[in-house]
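Across the two complexes that follow, chain A remains constant while its partner is chain B and subsequently chain C.
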Partner chain A sequence: MASTRSQNQEPSRLVPIGLALPLVAFVLVTFVIPLGTMVVQSAYDPQVAQALPKTLDLLRDWNDSALPSSDVFETIASELISSREDRSIGKVATRVNRIKSGSRSVFAKTARRLERVEDTDLKTAMIEIDDRWEDIELWRAIRSAGQKFTARHYLRSVDLEPAQDGGIQQVSEDQRIYNTLYFRTVYVSLAVTVLCFLIGYPIAYAIASVSDSWAKILLVIVLVPFWTSLLVRTTSWLVLLQNQGVVNDVLVWIGLVSDDSRLALVHNMTGTLIAMTHVLLPFMILPLYAVMRSIPPDYMRAAASLGANPIEGFVKVYFPQSLPGVSAGCLLVFILSLGYYITPALVGGTKGQLISNMIAYHIQTSLNWGLAAAISVILLIGVFVCYFIFDRWVGIDKLKLG
Partner chain B sequence: MTTDKATEQASDVHISFDNVVKSYDGSTQVVKDLNLDVNRGEFLTLLGPSGSGKTTCLMMLAGFESITSGTITIDGRAIQDILPHKRGIGMVFQNYALFPHLTVRKNLSFPLEVRGMSASERNSRVMRALELVQLEGLENRKPRNLSGGQQQRVAIARALVFEPEIVLMDEPLGALDRRLREEMQYEIRRIHQQLGVTMVYVTHDQQEAMVLSDRVAVFRDGRIEQIATPETLYEEPSRVFVSSFIGDNNVLYGEVREVQDNDICHVSIGPDRNVQALSVEETKPGEPVWVAIRPERVGIAKTENQYSNQFDAIVNDIVFMGDHLRINVDTCGVRNFIIKIPNLVGHGAVLPGDEIQVGWATLDCRALSMDSEKT
Partner chain C sequence: MDYAIWKAAKIAFIVAVALGFGFLILPLIVIIPLSFNAEPYFTFTEGMLRFDGEAYSLRWYRSIIENPEWRTAIGNSFLIGVCATFIATVLGTLAALGLNHPMCPMRDAISALLISPMVTPVIIVAVGVFFFYSSLGLGQTHLGLILAHAMLGAPFVVITVTATLAGFDRTLLRAAASLGASPLTAFRRVQLPIISPGVFTGALFAFAASFDEVVIVLFLGGVDQRTIPRQMWSGIREEISPTILAIATLLIVFAILVLVAVELLQRSSKAAQAQK
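The block that comes next holds the complex of A and B.
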């Protein structure tokens, strides 16, 4: 009897947990693990350390003002040869190159030629193969690339780098890009948020005020863009906004601009703003509508019965009550625009690129995943900061989406 | 009403509904040809079952619903074209509609602010209003931090603070528990007497209507069935609907046999059973009527022919209600005929299954004509 009772009680608590397990697993696999990997990638890079362990050991005692001893040359020679065999030499080259640009080719070339060298004086032989081995900078770069844990990506992602003297310095002027991009991203996100609010609030208000059957129709109109591919929507903006596009044609036709001074609406910031505002508008309208629909009409009636004209009633009673929707919509739109990528990539041109486009570049083109990860982590921290400010200010439980 | 009587009272009429019709969808009339005068300083209650059009009337008066046809006048002035915020009518909503983002003080000073009053004037009025509803000390709370009864008081104070001449209340006590409701009823009565505003009050609770009102208008399907003082409604209902909506009533169905002096009629309510009743409207022999008898006017007969109407009955059930006993009997071919007898010492113990005689006086039972009544 006693055992059946305890068996009866246990499942009652275990069943809900058990039912939640697939969800936990799903979140783990699709979110926590990739995110964790990303964070690790941004600060942990063992490739060089694995390829050249003995060399790095020796370099630890090196005083870094003169060329290393021939011991070091001999060690690195054998490690370069073996890493050429297991094909890890490319990764080493890429990483050293990121620190000292123009040194990528040294490694493959040296390793290839070294296999044929019988000479015992490897130091001379290597310098003969490529005189860059005489450059102390290269050795410093190798040593620095050999650190498994590094803050280099983070420094780089805010336009800084380690200085000779062990301190931190700004990167040279022509390489400073990221800070500008963060500012531009925040600025664009704010602008898009404000635009979405200005356009979305009256729309949401209209949907919440009309009869149910009209509300359904209007909601569908708001949602239709949601159901079409983002790519199609963005590309259609290209068609609309380009120099010979519909918008310019109309403007010329009604005489607002002359034919030879058509507006540049695309491949620049304007294009990014217009297209992103359009794409993100539903994220503003839906939470606003959800909150507005829950405001009983009695409040506005009460305001009127107390003598407030419709404008006073709106400003003093309705708007304050729609604020949870405003902040939820702004939060969503702002956070989404912080990480927006396809739209600026397609319609933004170079002036309209955002930080996410840089992440994409480092993942797809430059293959510097560590740097991409570091930028992503910084972006993620920004998002969390917004989230906590929102939670403090409004309360995250007030977030309603429909 | 004769014309000279109307002119005599014209100065007293504050609000007047004339042939008011309301239809939301253009076909069904929710309010049908309503005529209603509310006197200055009067407490008028619109009482009726759910969906009978009470709220609709209030909303038309306050300006939140359009009038389909007819006119509503305040002080003889048609109000159709006056915007709601210019009507100067205080209103208490069923869900209170206190502004949740404002403190009690801000809620109360809202109507004063939009009227451009000075801060000191506002402050003293708010304090006076809070005093009136006995809520001093809570002015800095937000509505959600108040109990239901306190929110109710704030809502009332807010509707009064700008000193409107007319105050409308739509089931303001609906959300409160019974005790609090009764307490608030007396509170509202006291405030009305103190301020002398014209009050139009909506409820579907007949008890509440009785306690509060100078007059009660009983609504049914968008029409007024009867409008009268609570006593008249209770003692002299002119319609079966009113008689059973206000208080309990036993209703017997019958046919008029004979009319005496146009006042007393004999109604046959079954084979060999006749009831002598007061006829409310003119009736003719052969007409079907309802006969209504209040349960507390029915007694248990101790002797033969003690009452002018006396019948055999079988006791079904007895419920002890504290101050009275509620006895359920079968009599006159009706099941569940209710008798209320006061809980006096030696009321004469009856038990279920007992065969007794029950009876009532002629003047305590009213014959109501059927005309358009539906059952």
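The block that comes next holds the complex of A and C.
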């Protein structure tokens, strides 16, 4: 009996570890390593270094004020031909083109024609094929594209680039987009958070102060949108807010707006703000309600009996007690807004795009994956900082959804 | 005088709350009748406002059934959702049992790790998943999406099962052991029935998370992996047709069913704890 008891009361630590291990391993492989890959991708770019290793070796000793020697031309000629065979030349061209735009076509064209050149003077031959080989800038671009580790994506993601003299400079004015987008993302997230708070606080207060059976019915009105697909909610706003949509029709019918001056409510910032507020509102209401439900009504009554009018009672007694819910709701809404992609992409038009839309653009359209990774890392750090501040101020364990 | 002001303030508050509730629910209610529009418009036609039967039709619902793309999307959503939910529920329940075991080391650190996929913005998860899964050859495969969705769903299971375990009395297990039950039997016959509402609630959350997820599908999935939200996405971007509203209406009905199921499960969980 004694031995059975000790076995059951002090089971080995192996039991809980063994139970948790499968999911820990699963999360490591499906989540942590992918995020690590993303961080690597943002700073490590070995494609050019792998395609042109010998050329890059030679360029290391090149003094970059005059054209490289004919050795270098011969080496790059043979490496271009072999990279054309293993099809890595496209990536080399894309990569160099990002540093010196307009040089994409040089590589494929040269490699294709070089195969037919029998000349021994490859330097002259290459310059004959394309005179851009005489441009020292192109060679500098190749050398800098050959670095395996690069801060270029991070610089670019804050509108900077390496300067000719080795320093750092702002990119030309027409290419500065990212800093504006970070500010816009933070601004939209703050605006959505404030809107959700202003709409959500009275709603949560109302649910917390009515009888239990009413509270159940009102909660359903909050939970149905919460459980409804994001795409459905975004679609319905798109349909309601469009020029010939229900909202404009109603406004015209009431007479607030004339038929020929219908409001532009969608495909702009207004659309993004309205739809995001609607989508994120339950994330404000549920934590607020969870806290308010636990505030005893006696306190307000006590305040009233001590002579406070309802507003004083609310400001001095009730509101401070609801603050944990306020901060949890605001944190959730703010962080979710920072990473929002679908809603701005569908209802935001060009003016209502946020930083996540840029990440998706670089993943899917421009295929500049390093830059997409760098922007994602910056966004991830931003989110971590928010959690950290919240944890210091409020305590992350206060975060619950009901 | 004072009384009139409070009365006015109270009415203003009620109006504000009513407007807030309207803002929450009206956008969903309005599109339901629009999905029965006989015309390809996104607003109420005069016939609809007159409740003329001719103005309503099921043509957009028929077009879902007739369109092979939508059929594929519905099949994919359920296939990926069910497989991902299965993985998330099994691994999540085991992990929750481990984390709530009295001898569990590093509990806080492990919970933080297991919850982290849920609190990371999904666009960032999608970028990482896109790079790593593609390099493993899981790009444009169902398996890749199932694994990614299982990873997103598992935290919900861990949280809901942990919540039911918090009220679980471990002496019940010792009682079972003293009556000669093996640990496995004690788990199966004693612990599992008590925590099962939490397990099912977590599974529902995980399924809903997969069913609604579109960013990872956009990045990682190909034409053959299109799910319902992915198909809605291209429907909205390319040629927006009222078929979308019909699908949206079906999804709202689905959301209500999920909500009812969660409510019933929570009731049975409370009942189980009260019984004990």
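Annotations
Heads up, the rule we're going with is that the second predicted complex is superposed on the first by the 391 of 402 C-alpha atoms of A that agree within 3 Å, B and C clash if a C-alpha of one lies under 4 Å from a C-alpha of the other, contacts with A are read in each partner's own complex, and residues count from 1 in each chain.
As a convention for this text, contacts are C-beta pairs under 8 Å (C-beta built on N, C-alpha and C of every residue); 3 or more make two chains touch, one makes a residue touch a chain.
Not measured: the values here are computed from a predicted model.
Room for both chain B and chain C is found when the two structures are superposed via chain A, with no clash between them.
Partner contacting the larger number of chain A residues, of chain B and chain C: C. Legend: residue contacts after superposition of the two complexes on their common chain; A:Val317 is shown touching chain B, with no touch to chain C. By the touch criterion defined above, A:Ser258 reaches neither chain B nor chain C.
By the document's definition of touching, of the two partners only chain C reaches A:Ser236; chain B does not. Of the two partner chains placed around the shared chain by superposition, neither chain B nor chain C is touched by A:Ser213. In the superposed pair of complexes, A:Ser172 makes contact with neither chain B nor chain C. When the two complexes are overlaid on their common chain A, residue A:Thr120 makes contact with neither chain B nor chain C. Contact with chain C, but none with chain B, is seen for A:Trp369 once the two complexes are overlaid on the shared chain. Angle at the C-alpha centre of chain A formed with the centres of chain B and chain C, after superposition on chain A: 50°, rounded to the nearest 10. Taking every C-alpha of chain B against every C-alpha of chain C after the fit on chain A, the minimum distance is 11 Å. Residues 310 of chain A touch chain B in one complex and chain C in the other. For chain C in complex with chain A, the residues that touch the partner chain are 6, 13, 16-17, 20-21, 23-25, 27-28, 30-31, 34, 41-44, 87, 91-92, 94-95, 97-99, 101, 103-105, 110, 113-114, 116-117, 119-125, 127-133, 135, 147-148, 150-151, 154, 158, 173-174, 177-178, 208, 211-212, 214-215, 218-219, 228-229, 232-233, 236-237, 240, 244-245, 247-248, 251-252, 255-256, 258-259. For chain A in complex with chain C, the residues that touch the partner chain are 4, 8-13, 15-24, 26-27, 30-38, 41, 199-200, 202-203, 205-206, 218, 220-225, 227-240, 242, 244-246, 249, 278, 281-282, 310, 335-336, 338-342, 346, 356, 359-360, 363-364, 369, 372-373, 376, 379-380, 383, 387. Across the interface of their complex, chain B is touched by residues 296, 298-299, 301-310, 312-313, 316-317, 320-321, 323 of chain A.
Residues 62-64, 83-91, 93, 95, 97-101, 110-111, 114-115, 158-159, 162 of chain B touch chain A in their complex.
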